[in-house]
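You will see chain A twice below: alongside chain B first, and alongside chain C after that.
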Partner chain A sequence: MILRTPGGWSVRVRTRALAVGALCLLAALVFAVVAIGSGDYPMSPAAVVRTLAGYGSAADAFIVEQVRLPRVLTALLTGAALGLSGALFQSLVRNPLGSPDLLGFTQGAAAGALVTVVAGGGSVALMGGAVAGGVATGVLIYALSWRQGVHGYRLVLIGIGVAAILTGVNGYLLTRADIPDATRAVLWLTGSLNGRGWNDVVPLLVAVTVTVPPVVLGGGRGLRMLEMGDETAYALGVRVERLRLMLLAAAVLLASFAAGAAGPVSFVALTAPQLARRLTADPGPNLVASLCMGAALLTGADLAGQRIIPGHQLPVGVLTGVLGGGYLLWLLATQRRRGRI
Partner chain B sequence: MTRLRANDLTLAYERRTVAEGLSVAVPDRSFTVVVGPNACGKSTLLRALARTLKPRSGTVLLDGNDIHTLPTRAVARTLGLLPQSPIAPDGITVADLVARGRYPHQRLLRQWSGEDERVVTEAMAATGVTDLAGAYVDELSGGQRQRVWIAMALAQETPLLLLDEPTTFLDIAHQIDVLDLCARLHQEEGRTLVAVLHDLNHAARYATHLIAMRDGEVVAEGDPSTVVTAELVEEVFGLPCRVIPDPETDTPMVIPAVRRSATV
Partner chain C sequence: MPVTDLARVESRPDAPTGVRPRAVRVAGPFAAALFLLAVLVLSLAFGAKQLSPAEVWHGLTDPHAPGYTVVRQIRLPRTLLGLLAGAALGLAGGLMQALTRNPLADPGLLGINAGAASAVVSAISFFGINSFTGYVWFAFAGAGAVSVLVWAVGGGRGATPVRLALAGTAVNAVMYAYVNAVQLLDTDSLDRMRFWTVGSLASARPATVTGILPFVAAGTVLALLLARPLNALALGEESANALGARPARTRAGTIVAVTLLCGAATAACGPIVFVGLMVPHVVRALTGPDLRLLLPYCALLAPTTLLGADVLGRVLARPGEVQVGIVTAVLGGPFFLHVVRRGRWARA
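Take a look at the complex of A and B:
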């Protein structure tokens, strides 16, 4: 659908992609409200919404603002960051397996975080360590992949190599930690949202607000062209290397901040773009739909993790693997249309 | 006056130098065809002309300006390129792919004008893919797919269009199809075309200007009827042959000589 204004402006609206994005966002918000209402001190969804709007009782307000809202916001933002990051990587390397948790960026963030855990740092240090580790890995992989421009396959192979090395490093770091630190680190490595506070939310919120608008508005259309190969994109007037560097940097930052906040949650960055693409039926990078899908997946997984076994909380990372992977397998099995991957 | 020329280019990939001191001028409104044996640097030259490969030294001039100093989007409105193996994104339809050719004419707040619509419709009609508009590109035959890619390049509306081996991987009928289409674009729309071709007879039949390359150097260039001789083919390709007039068009036609070792 095309929207035109008398001034000669026109915007192309992909109705179906927009609808998918809106539905995912709605689902994410519903999960969020239910999640805020559940726990040892249950609240009805109406009470949650009332409290969020600022009209709740003092007790409700305390529980929501101090305990449950930060966790739910962390889930929403982490999911959104991972969904977008995955969509960027998959599009840039033209490979559905191109996701930060397979290409080493997440392992890099984990290594940075583990170093701070071994050194006995708190949650702020952990976030900083994760971001530093992720960014350093990003620079390393980019530099190693550079050969008159960066090419998808090379980046994937180098990323997988770096991921393998870092997995080893991370295992070694765990053996160097004291038992309590190691326990904490292992829980973090599964991906967990337990006990997240405002100091986890704020850096993540800043990272997402700063990266998302330029990526979606400034990079989305160029990225669409890049999917036809570097030469075609170049011929169409895309500044290929500049765009790729900018988008890779954004994707690495998003993945690193997400890992810093919730640990290296597996599979969201891999499945969210695939799910989004299958629902929108749009060949483009599906950035917005993937972002919303990621948020819905992670909030849904966290909610399920709190509810599935009464009295016991499963870390969100356990659920994202099972839910996201299962849904993707189901989609692939039921969607027989014309032998598409 | 030539809008596109290359002056004294040194072209190289990481370790391998492909050409040194290479100069070429593309005559305006010509259908220029570049021929030569494998690895002679013809595709590399095309990539340099399309600015997707930066020369080690020398300059490519577009309308008198160094092509690498011009804004890439402005160049993309003048000069189009159809690479040898472009990638069709998974699950893309013909109409969507052709529409992507409009990218250099669009802005964030001018994403799809009436002009875009008109040009894309025309490009699909000119290449005969209008009926395929809703089809998925990955389900088309090789010949149809190539016409769709040409339609995308046409939608870019550039007066200059470079085609890197547009007939490779096509059967003979589809090769002629594509070349007829190119000839029509050249004659009826007055576009300047530069194509790399493998088949000398096709080149001689369709080109208005022929460039023969070997080892990164231009060996001969000009009208095919004067350029294509038995001596030149032997010199460029190392192939003993006879050159006779094409019974259909009277253009030169290369008949390879029978080699003793190949006969029974």
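Take a look at the complex of A and C:
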């Protein structure tokens, strides 16, 4: 569908992509409301909405604003950041498997965070450490895979190697920590949203609001042309190197901030763009749809993790790991049959 | 370093190609055995309390010597376990690289050790099995199931290195998520297997060594018997048939051998990465692709690597220690990156 203004401007709107994005967003919000309403102090969805709008009782307002809302907001934002970051990576390396958690960026963020844990830093330092670690790993992997251009498969393999090394480093850092710190770190390494407060939400919110609009509005078009190959994109007027660097930096930042807030939650960045692509039936980067899908997946997984085994809270990373890994295997099996990977 | 010396002898321009110089054939195994012996002595001597070679000798032979307890009860089982597990991982790596014709095959990277690990974790947590002889069978089941799974998902005979590596990474991620879930749900079992999921030789007891000995021995014999048919298989399906090797039987036998070796090694000391990747590569530079030479060398040099890493871990963090699985990951990873950067298939 093409929208035209009287002034001669026109924009192409993909109705199906928009619908998918809206549906995913709706699902994410429904999960969020249910998650806010469930727990030791149950609230009906209507009460939750009323409280969020500012008309709830004092007790409801306290529970929602101080306890449950930060956690749900962290889930929404982390999922959105991971979904968008995964879509950018998969499009940039032109490989459906190029997600930050298989390529070692997430492990790098984890290593940075663990260093601050061992050094005895608090929650703000931990987030800073995660971002620094993720960015440093991004630079390292990019430099190691550079040989007359960065190539998809080499980036994937180098990333797998770096991920394996960093897993070893993380294990070592864990053994260096004191017992209380180590316990905190183990839970963090699994990827968990337990006990997230407003000081976790704010940096993530800032990162997402700063990165998402320029990427989605400024990058989506260029990225679509970049997928046709560097020369074609260049001929079509895209500044290839500048765009790629900018998008890569944004993707690494998003993945690092997400890891800083919720720990290295696995497989959301891989599955969200894949599912979004299947639903929109659009081969393009699907940035908005992936973002909404990521938010829905993570919020849903966190909700399921709290409910699935009564009396136990499964960290969200365990759930996404098992489900996402199974999905990846299925993806490998079917894509192989079609000869795509 | 005799290893580099040998490599230089081999790459000498006047050396006849295809035929190893006699000196290499005779001196090679000798040098490798000497290396292994040196590392065995180091492994007995180093640790929280450092012993001189004379003290080690007395500790081994004289029950009244002051070092007897340390050497006989703690370091000897640990060293023997490193010897057996190292040999198992090296042979498994060599077999897998030959079978998949994939320079990146490693029992750790391809998820086989993680498969064994998650089976063992289930055994400990759900069935309450704590003895090695009890859960080793679970390790075999897990290792076997994952080898078949990765092989199938990775594309069977048409597998490319990238596809196998990705299939292995995926299996690894799933297995570790499962292990984490079990540990978080069951704090007692977390306490019991914390040491184990990193990959460590520190918990070795004499019973562990005698427990894995028969399995490693069986796997080793099977591996050496497979060297000749696998050599034939490297020439391609038809040539192998013509040469009298049976491809299907050889492949099945290789998977059984890999399962035995990886399952036993993982059950005893936890999942360890990169030893099975590094050693066959270094050995191949020395011997060429002939498995009849390559596999015995792997069985000698892989324990040297594993025990060397273990000693390093003990020296670096004295009086504590860094688990051997961590040392091999940090040392072996750069090697993997080197192989990837050098490989021609990564450029395509």
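Convention: the second predicted complex is superposed on the first by the 315 of 341 C-alpha atoms of A that agree within 3 Å, B and C clash if a C-alpha of one lies under 4 Å from a C-alpha of the other, contacts with A are read in each partner's own complex, and residues count from 1 in each chain.
One rule holds for everything that comes next: a contact is a pair of C-beta atoms (placed from the backbone, for glycine too) under 8 Å apart; a residue touches a chain by one contact, two chains touch by 3 or more.
These numbers were taken from a predicted model, which means no experiment stands behind them.
S.K.: Does chain B (first) or chain C (second) touch A:Leu332, or do both, or does neither?
M.R.: second
S.K.: Looking at the overlay, does A:Met43 come into contact with chain B only (first), chain C only (second), both, or neither?
M.R.: neither
S.K.: Which chain makes contact with more of the residues of chain A, chain B or else chain C?
M.R.: In the superposed model, C touches more residues of chain A.
S.K.: What is the contact status of A:Tyr234 with respect to chain B (first) and chain C (second): first, second, both, or neither?
M.R.: First partner only, chain B.
S.K.: Have a look at where A:Thr175 lands relative to chain B and chain C in the superposition and call it first, second, both or neither.
M.R.: Only chain C is touched by A:Thr175; chain B is not.
S.K.: Under the stated touch criterion, which partner chain does A:Val201 make contact with: chain B (first), chain C (second), both, or neither?
M.R.: In the superposed model, A:Val201 contacts neither chain B nor chain C.
S.K.: Name the contact category of A:Leu88: first (chain B only), second (chain C only), both, or neither.
M.R.: So A:Leu88 meets neither chain B nor chain C here.
S.K.: If you stack the two complexes on chain A, which partner ends up touching A:Arg147: first (chain B), second (chain C), both, or neither?
M.R.: both
S.K.: Touch test for A:Arg221: chain B only (first), chain C only (second), both, or neither?
M.R.: first
S.K.: Touching chain B in one complex and chain C in the other: list those residues of chain A.
M.R.: Shared contact residues on chain A (touching chain B in one complex, chain C in the other): 147, 341.
S.K.: Per the contact definition, I'd like the list of chain B residues that touch chain A in the complex.
M.R.: Its residues touching chain A are 13-14, 47, 50-52, 72-77, 79-83, 85-92, 96, 100-101, 103-104, 106, 108-113, 136, 138-139, 156.
S.K.: In the complex of these two chains, what residues of chain C are touching chain A?
M.R.: 104, 108-109, 149, 153-155, 161-163, 165-167, 169-171, 173-174, 176-178, 180-181, 184-185, 198, 273-274, 320, 322-323, 325-330, 333-334, 336-337, 340-341, 345-348
S.K.: Could you please specify the touching residues of chain A with respect to chain C in the complex?
M.R.: By the definition above, chain A touches chain C via 97, 101-102, 144, 147, 151, 153-154, 156-158, 160-165, 167-169, 171-172, 175, 187, 190, 266-267, 309, 312, 314-315, 317-318, 320-322, 324-326, 328-329, 332-333, 336, 341.
S.K.: Please name which positions on chain A make contact with chain B in the complex.
M.R.: 2, 4, 8-12, 94, 147-148, 217-218, 221, 224-225, 227-232, 234-239, 281, 283-284, 338, 340-341
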